[in-house]
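Two complexes follow with chain A in common, the first pairing it with chain B and the second with chain C.
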Partner chain A sequence: MSIQELGADQQVQVEMITCVIDGFEITVPKGTLVIRAAEKLGIQIPRFCDHPLLAPAGACRQCLVDIEINGRAFPKPQASCTIPVENGMVVKTQLTSPVADKAQKGIMELLLINHPLDCPVCDKGGECPLQNQAMSNGRAESRFEGVKRTFEKPVAISSQVLLDRERCVLCARCTRFSEQIAGDPFITLNERGALQQVGIYEEEPFDSYYSGNTVQICPVGALTGTSYRFRARPFDLVSTNSACEHCASGCAMRTDVRRGKTLRRLAGEDAEVNEEWNCDKGRWAFKYEVAKNRIKNPMIRDSSGQLQEVSWPEALAEAANGLKNSRSGVLVGGRVTIEDAYGYSKFARVALNTNNIDFRARLHSQEELEFLATAKTNATYKDLDNADHVVLIGFEPEDESPIVFLRIYKQVHKRSIKVTSIAPYASRGSEKLKANLIKSASGSEVSAISALSGLTSKSVVLVGERISETEGGLSSIVKLASDTGAKLGWIPRRAGEKGAIAAGALPNLLPGNRLISNSSARVDIAAAWSVDSVPSEIGLSTEEMINSDLQALLIGGIDPMDISPEAKIKLAKKFIVSLEIRQSDITDIASVVLPVAPVVEKSGSFMDWQGKVRKFEAAVDQTLNRSDVRILSMLADEIGKPINLPTVNSARVEFESIGSWDGEVSTMKLVVGAGNKAINNDEAIISSWRNLLDKGSLQDGEENLAGTARKSKVVISQSRAKSLNVSDGDLVRVSNNYGAVTLACQISDIDESSIWLPRNSLNSQLIRNLGVVSNSVVKVAKA
Partner chain B sequence: MDNELTPRSDEFGLAKADQSKAPITNHESASFGKQLLGFWVTLRTMFKKVNTVQYPEVKEPTAPRFHGRHQLNRHPDGLEKCIGCELCAWACPADAIYVEGADNKEEERFSPGERYGKVYQINYLRCIFCGLCIEACPTRALTMTNEYELADDSRGKLIFEKDDLLGPLRAGMVPPPHPMYPNTDDSNYYKGEVTTSHPSQGIAKND
Partner chain C sequence: MAYTVEQVSIMDSIINRYPRKRSAIMPLLHFVQSIDGYVTNEGIELIGQKLELATAEVTAVSTFYTQYKSKPVGDYHVGICTNTLCAVMGGDAIFESIKEHLDIENDGVTNDGKVSVEHIECNAACDYAPVVMVNWEFYDNQTVQSTKDLVDAARAGNPPAPTRGPNKLRTWKENSAVLAGISDGLANEGVQAGEPTLLGLKKAKGGA
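== the complex of A and B ==
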């Protein structure tokens, strides 16, 4: 472990070791591997199995070097990826030792014996470590004249990942990743000797949420992604660093584009955030941007009720007319960039002269509004690395923020840290984290939170957005954090929510965490915007806006089915201006539709759950960069109250110059939770969350990814199964006055009064089917 | 060494510049004998065999290895040799070739093996006929013909698509997509062991 990996308070004196590599002296911390020390000198030793984030394996033997300690030489070359440096060690790599060079050439020849001459059709060709190192450290010609071993190819180990066993060099990177990083050991090395091969269990496919990473770290083309198969060559692609738009984890990404079309996305490197990993949703769910229902031109609804394509000036004039002289509000949606959120925030205050603005396109509460405006949520990934205890409340990291899961799992794997989860049942994710489960029905988490003990200032409490569905939940969490000194992290599911808070896209908040109730904060913002004043009345929340008699709404990307089943009908009565990428439930009822760009076609930045800003540039060139803020600026001009944010960059500069509030802060008004609900024998309290891979609209158009989604199941307890007389896999019907869902059941150790269903998966879209998602009584019966 | 690397702007340089201003004149007038020698070349050429060809009425064959228009070849049963590997595009110094590969499916097969070239374009406005693409092709799918008549009246027409480049179906070939010859795999094709089509692959073209 190097010094950088430890927290500042933990910095201990690391013993330094001096050794000689190829005649150069180098001093490195104790425990550094020879291959890594050589890297520091700029000496490249060829390797396949070595990966800095995986435990050493010494599987491929390509990194052989000559080593001598205190004058005594090893009798044979040694694998430099498994040997730590020692004092007095003299290492000779292939550059200075003919023995090491010959050994490496020999290993390469051995690896190539059974490697097929597939390079022309192999996806890895052109960016293949085996190809490159065979050129740099291999023999020019093969001496092998026998018949190469062949396997049937390719084998689909999941719907997303294909395996070509004959290309494999048995480096075990994929199996080590699955075991050590993802905790999904569904993939192993089977057989021995020449027949050794990567395989999966016969019944269970490789349905890990992180399977895409194995494709990225495979040093040959043995693992390839179905979606990218044969689509392009590395030299066709233009790579752009970008940020992931799917969740608040904040992964650095690389987007590869060929002729204006995104062909693949890879995990980028950021040691402070996602290290080198990402989840399958971030990697593969990008086809929504080329979906058939993309909106290309502005549209307005004509007298017959049909949307007609019109010119930009016409559409803007129509939108401005509808918004100008009516009581109006703004629904931002949770997926906007910081710049766009700032645009919406300023637009509402300046152009519409209202504080009716809310980014929350999901279930929410007044208590949450208070919490978001006042609570200090300052936990970071680094705090997770140093934590002694992680508490998860209303938050399933594997499903709702997969990189947070990887970071917690890393410490569970490395230091066996304590994890406590307050949830109705132990999901696969919390089982992998060996979490201590405090079983709690949805709606009654408060008592479990208040009873938590043993937290220190090094503990981290991670809270999901779902806890706002429980009255008093967030209040008890704020109390818990202030009582124990534990670090608090609020992790929303969507990528834009943190940034939207910072940009003031809330009814009680101005940009930079300035409370609207604070008059000097209002003066501050009015001065920054060069307006006389900003409205002082607290605005309406999303739900209030939908239910209110507001005449007009400006709506960014929201799905009414995320809020309530009646939302669409209520919204349809208003004049709606919709800024959308694709046709949606909102464009169905909108009077004016203005097209905006998806993430690959625009620049901007997201704020991850730690509050770190993740900038990205447009990946596709020749784009119009129709970010929401540009359109809002034009619309404000049309209304006659300009917001002067003609470009993304101008919004970024203005937002940064405003800065965060450094005046007095208020504390949250605490809310007392409600008691438990009484239920009959045939009833249960419904609980749910969204699976990572589900019917989310950003996952449209990617069938291979959908193939690895977990099957929809209703989780019931042992005693409930007994009373219903069902066994694992039998169909169970969950119903209420609104509707019903019938799913196969899974008997598990769940809170006796609860059942659990996925919130938005195949055959289980709860708001659509039942009208409720949690904290509500439903009838359960055998189907 | 120093003198060579750093030219000094001294009087030497100025003198040189002055010299270059001097007009270059030839004061020597050609003698009669020399003028006659010039006419001898003209005279001699008048009695030589004429090289002019009455093109386009008469078309002389080119040299056998002349680099003309490309052709995408077929296996003897009609399947395409191109596997969409893009090595030709990679080798092309003029960036004249654009290829998109795709998966062969069992029900829709264009070439032996897993992959075929779905899109294949050569831009003859860019091609410099160097032949590096032919050297790069791992399956001998791409070769050059001797055809040199490649003029046209629009830029679009000079981007040749796969259909324009594919070799003709000869007798015994079945137009793809169709399955591979029974009981063979792609290596049998590359070894030249498939010499004709099989009735199960479809109706072969007659002569």
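== the complex of A and C ==
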């Protein structure tokens, strides 16, 4: 007997089994598959269909070994990937059994009969398990003299995944992944016998946010990514472990670069985060790095209003001048690394002597500010693995944090855990999670939250950033968590938000969760920074800064259209210093533009929603590693109030040495929710969120990925459809005083007072088109 | 084509026979064939919806079994056994000559839509080899000539009764309904177990 650690708080006794493999004795937990036990001994049995995260299939038969139990031999070699070890089992692999060896060679020969052997033009060539194992465990020559079966190649099963059926070894990894892990059973094994092949239903493409994983786990070159096809050979690529910049799920990634250019990104492995998966956005959205509008050199606006490229000293001097003696503030953006956020945080306090700093480049509220500074949000992926009940509030995991979705789905698939979603309607994601939907119009979630019951300390409440759009929402959640003992997770969409909180890039917070209102916390930080004091007055929020009469703003990567339609006009009246990767709405109006690097060209770390640090190194070498913090440090020097963070590493070391606040903590001032809005018959309350694949700027330049974005549609209820006299697919016009959006409708079981639209998709960019995204009354009419 | 309310309620009653919905997939595919003549996309979509399966999953099943057709077959679908025993007993010759006689390939349909031909695997009727089936009814001990006569008669709309099975040959769609589990009341008509089938049993019991 031994003890295997499962959860932090639960240790389970596991029975151990002893068996012999190739003459070596090994003891493993009951249930371990023979192939896995052999791995522990360093014995590699060839395989194709076996995958540790998928249910065993025994589909390819490549892993055949000889087995006997207590002296009784199986009559034929057995698939070691489907048989668990037993006491008294004696296994002989290809290394010690000529029978097993011959069986494996026979299978390999069979698999190759119809295989085109087009390795020279196959993306997988050079990293292909079939190629490798044909060499290690196959016959040197085939005895097959017939004509190979051929198929038309390739078939596009979606705009981003291509299928070469002749290369397929029918291992069913792709189909099992789609069904068991992603819950998208849209590819299946069709036909039979020699014609068996992977396929889709002819009228529905492989429409899954996770389709790229099938390309990665296909053990041959049958599934390839459209964008990468024929672009490189694996041995020409230099791989760097990296972290994903697209959301707060925190995926470990691998970036493959050839001669300074990113050619592909793959999911990295991290059992505590993304296991071995990622989403298609993280995998395929990286072309923005090399977009034509990359900014290469610093620029200042000349007297005629044009941006002119200038030298760094000139640009820094101009920026320093504009910021130095004015009332100023800092807008950080939600995508910065922890090191950069720390740089902005210190810069605001030391160089600009202000607490006017906010990373929230989206809708936000005062209540949220309180919440972020005080709430304990420490749920983890592991808590999801052990949860009895997961509650989703203002949060659509499949769209807003895809790996969180996979983790919940895993437990739904495995243990049928309970999922509850408070949302206006059941999205495809919550349907897959078989979520119990508590229908709520946006803005009136509070009563649904207060009515939740049956939560225990094993329950996990996951809250999205959108709930800040509902007055009293976060307050009722804090109360719910403290009343029930449920674990709380706050999951922003962007990768930089959690780290920015930790770095104190908020108007009420200093690094390490130190409240500005707390004088000993301020003393702490002043000492760490070797300054006399840090400003004590609570600063302005993003919206307040935009609306205020501040004269100058330092702005990291933000899009004013994420905040309000007038933001750009208001910002244009100020002196703006913009740190940007590409030309944007902010560089349009900036007086000084300072170029910074995208993730592949710099090092740093993100903090995922669990608070786990995700470090990465530059994937492209010979870059200037122009992380924001280095430029901020130069700018602070120029202003004459140095922050002394000349490198990413120095920022990391300093931030880590400051540590987290361990003094007295304060609790949140709770806000009472507003009542329901009254609406007329032809009106509705608008609700929305961002689809995973949409018009987000980091997805620019990747057409194949965009091809799998879900179609924009407006979701309306049955009775609204009746009163508008429309049926599924008819055009519906949504309007207010500001503007209008016209989309095909989808009739669904949505809260009667509500309609739903995608927040930032094709033909439905709500801030731009309507000026509102949620919790607001709009007119709805047949178009 | 859209299904009538009545057809959809028959589908529901088929589904209700099973403890788990998805178990109804095979009869439902036959039922779709009894209406549309083959497995249409409309059928796949409706089955997917009813059984809460993805259309791709329904496709996987419907393409796996050769009894489900992805394109129309004739009113009389002729299956000629070309597995070992039937083949050597004349099945191969029958198959070749019927294709030529009807001027169609394997899986082809005559222009008038009346007859289609397919070579099939062993029907566990080797004791009557060579065996031909029409709409899954048995025509035993066939010859090239008898099969030509059979398909000609079928084309003309008056096929002979099966050697075993009901007294009258029903159409493809009618028999598909039977396979969907909708009884036509003919199950007890005609020869049930034939002489050669019972021979071994008789011997075992000490008979002739």
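In this text, the second predicted complex is superposed on the first by the 778 of 783 C-alpha atoms of A that agree within 3 Å, B and C clash if a C-alpha of one lies under 4 Å from a C-alpha of the other, contacts with A are read in each partner's own complex, and residues count from 1 in each chain.
Note that a residue touches a chain if its C-beta (ideal position, glycine included) is under 8 Å from a C-beta of that chain, and two chains touch if they have at least 3 such contacts.
Here the structure is a predicted model, which means the values were calculated and not measured.
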So if we stack both complexes on chain A, do chain B and chain C clash, or do they fit?
-> fit
Of the two partner chains, chain B (first) and chain C (second), which one does A:L189 touch, if any: first, second, both, or neither?
-> second
Partner chain(s) touched by A:P52 [first = chain B, second = chain C, both, neither] | neither
Touching partner for A:P120 - first (chain B), second (chain C), both, neither = first
Chain A-centred angle between chain C and chain B, computed on Cα centres after superposition, in steps of 10 ° | 80
Kindly classify A:R233 by the partners it touches after superposition: chain B alone (first), chain C alone (second), both, or neither?
-> first
In the superposed arrangement, does A:G199 touch chain B (first), chain C (second), both or neither?
-> second
For chain B against chain C after superposition, the smallest C-alpha distance in Å amounts to 23
Starting from the residues of chain A touching chain B, keep only those that also touch chain C in the other complex, and list them.
-> none
Contact residues on chain C for chain A in the complex?
-> 41, 44, 53-60, 63-66
Show which residues of chain A lie in contact with chain B when the two form their complex.
-> 120-121, 125-126, 153-154, 229-233, 235-236
Please give the residue numbers of chain B that touch chain A in the complex, ascending.
-> 83-87, 89-90, 100-103, 113-115, 138-139
Complex interface listing, chain A residues touching chain C = 184-192, 199-204
